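We call the chains A, B and C, going by the order they appear; numbering starts again at 1 in every chain.
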């Protein structure tokens, strides 16, 4: 019995593999996707290998070398107003960003998929109620919504992640619902129902895998978005708290030195920009490959 | 004769959302008050105009659609009253082969898992048994089992339809609704599949409802034929009787419009039934066929004719046979 | 009058300028991870202006692939056009870039697709989808495009078109979807060539007769040529001028329609006509005379006659190589050793 199940899942992973391979194959020919992919891989490597990439500690202060200019000492990108190595802080900052990106997108994905699936699949009054609620959420500007949620929960990095994740749920739910609506009407769903498949089997095993492409694109885009939002929240003092090396926080706490020590603000900004750009490029490439219809 | 399925005064209506605020929602009477029986072992052919509600009828019988009114009794019990478990059990006995071979197969599943799915859903058989069954059925419908690893989009239309038939056969059903099951197949395979369906019928005593727009196919395979027009039955009879002795002008038009497989004299042959197909949202008054009927009388415009028995088992709904 | 027009066209047939589309030695394969599927092999065909050429044959024999080769809708990869030319109005379409092809599609070459559900977008109303085609090819406003759309839907006999334009594809019956597709193909300005891939498969006969008549009228009005793909010999008999019978990617027989039905010469064509349920001889029969067996695997197929495994007349030579063309009469050719007589020696 046990082995049977194993073999089954094995088979399924092979199927998914071949589809995945096909997509990868096509991605190879897509320039923007490759650039995005390289940036993201670099970003992930940086986050994972942080302690080995730099000899300095992100939080060790040294008053004597405050605001060292970049490219003149062993502190390649210079130091900040407390004498911390800027490059080190940016490298460690990528860890925070990666975590924020994955966790908040994880939150939006889980709930977005559930809500979108149920609402799209059952339709009728369930759908109407859910969609009205989502319309209301979408009517509130996204940044405002995030700020309200953090304000309610209290400013901290964890709460920022939750706020970003929650405030993105409507977007995901909408994307999922749209593709569920398109898949639901296909005869193969009726056919599988006529075989006796239950609603949950139909939703999760048949409809979801067929509508995964736009969700995947949205999620890739979402990671970039989440990083940007968390930077914004930290900038406003609602996210990461000092001395965490978070990019947004780094920019915020060095605002006043824009004219005297430009690098302290600029380099974390560039880091945010590059990372978000990377995710957006990859998302665009994925969209081209996975779902040609979404192009226009 | 044992009745397997009884349909009594069945109605299936769809309400179309209207865009204008305040306007009454429009109702499509896709199946409009149908009554008929299907006997065990019988092949009931259903022909009729495109959009006349044949697929809706088939789907409603399998509870894949809602019903608005009426009864559907399978072996005496009302399908719409069954609980989930009984319905699931019933689904093993009743299968459907769908009209569109392109959208009726899950594009993400390989043929092997498509065919394994029915048995997996009902938790039947070990993996080996399922595999053996798949091989057997694939051979039976004429697809080489080595193609198990292919996705549906890698087959042509006809090949996909045979996969659809194979899927319906996986659970050894008693009753199969074939909705245009051979209309996408070309003739040499169509002939094989029709022969196959007949073999299965002889071997397992399956009961079929065979929906098709191809009169020749229905005429060949059925034991009894039911002609539909705009959600209603206009004529029904045993096959031989209907072919040799049809009364309804629409049935006649159907037989006339059938393209002869001979190009000779095609330019002279010009009896095409003209006129627009009326809308099931807003059917004509009286007999629904009267705007196109070459023999319509005054009475036809006023009142819908009742379905009357003109000889044993032969019913017609037409004022000409009052 | 019709007959005369036909024969005068026939006289002019030798002049190349009458030829609208000519496919020369076309081979198309699909490179899958299991191997190479040889979908179409060394196919030649010509369509003259104002002519209807019917392509009939076994399911999976490469009819759609042939059609898709013309306006380059063959997915590449996995598809690959191995050899040949597609000459349309003097240009080899295979040399054109994507933009040029796209501007031909839906303009000079219109297509009715075999799969209505995959070519109609499920999330848009059909009215909008057809109006979009109008707006893409004419410089007109949405309102006007909608009006034209309603007219077109009326033309293809969709009841209550003003209301139906607001429907989504799944709200239409199979036949109505097919007709919506036809309307979409007709929304382009005066196509020179209409490719109709199984245009009436989902339709019942009375509507089929009307649609075929509609296509015929259009054909005469604007001197359009039609490439008609079908498996229905009845449709062929009613509408085609010339017929090509294909089997497993190969051309088996080519003739004008009268000659083909009078004197079917390839064992496959004979089997095809024999297995029609409408054939008179089946009035009281319990089984049809089906051609036994299935099409060969296009992955492993060699140079033999592809029908060899099902053919009642198969000989050793049939297993060795594909036969050359045998011309039986003017314009009636067959690719078969049995007819050729060579194999009998």
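We adopt the following convention: a contact is a pair of C-beta atoms (placed from the backbone, for glycine too) under 8 Å apart; a residue touches a chain by one contact, two chains touch by 3 or more.
Since the structure is predicted, the reported quantities are computational estimates derived from the model, not experimental observations.
**Q** With chains as vertices joined when they touch, what's the shape: line, ring, star, complete or other?
**A** If you draw each chain as a dot and join those that touch, every dot ends up joined to every other.
**Q** Tally the contacting C-beta pairs at the B-C interface and at the A-B interface, and name the larger one.
**A** B-C
**Q** Averaging over Cα atoms per chain, report the distance between chain A and chain B in Å.
**A** 49
**Q** Which integer distance in Å separates the CA centroid of chain B from that of chain C?
**A** For chain B versus chain C, the centre distance works out to 27 Å.
**Q** Specify, in ascending order, the residues of chain B that touch 2 or more different other chains.
**A** 99-100, 103 - these are the residues of chain B that touch more than one other chain.
**Q** Among the residues of chain C, which ones contact at least 2 other chains?
**A** 117
**Q** Two or more other chains in contact with one residue: find those residues in chain A.
**A** 186-187
**Q** If we count contacts the way the header does, which residues on chain B are in touch with chain C in the complex?
**A** Contacts found on chain B: 14, 16, 19, 26, 47-51, 55, 99-100, 102-103, 142-144, 149-150, 154-159, 180, 183-192, 194-195, 198, 213-217, 219-221, 253-254, 257-264, 266-267, 272-274, 276-282.
**Q** Which of the residues in chain B come into contact with chain A in the complex?
**A** Touching chain A: residues 59, 62, 64, 87-88, 91-92, 94-96, 98-100, 103-110, 112-113, 117-118, 121-122, 126-127, 164, 167, 171 of chain B.
**Q** Within the complex, which stretch of chain A touches chain C?
**A** Of all residues in chain A, those touching chain C are 18, 178, 181-182, 185-187, 293.
**Q** Where on chain C does chain A make contact in their complex?
**A** Against chain A, the touching part of chain C is residues 33, 117, 121-123, 168-170.
**Q** Quick check: in the complex, which residue numbers of chain A touch chain B?
**A** 4, 7-8, 11-12, 15, 19, 186-188, 190-198, 201, 206, 209-210
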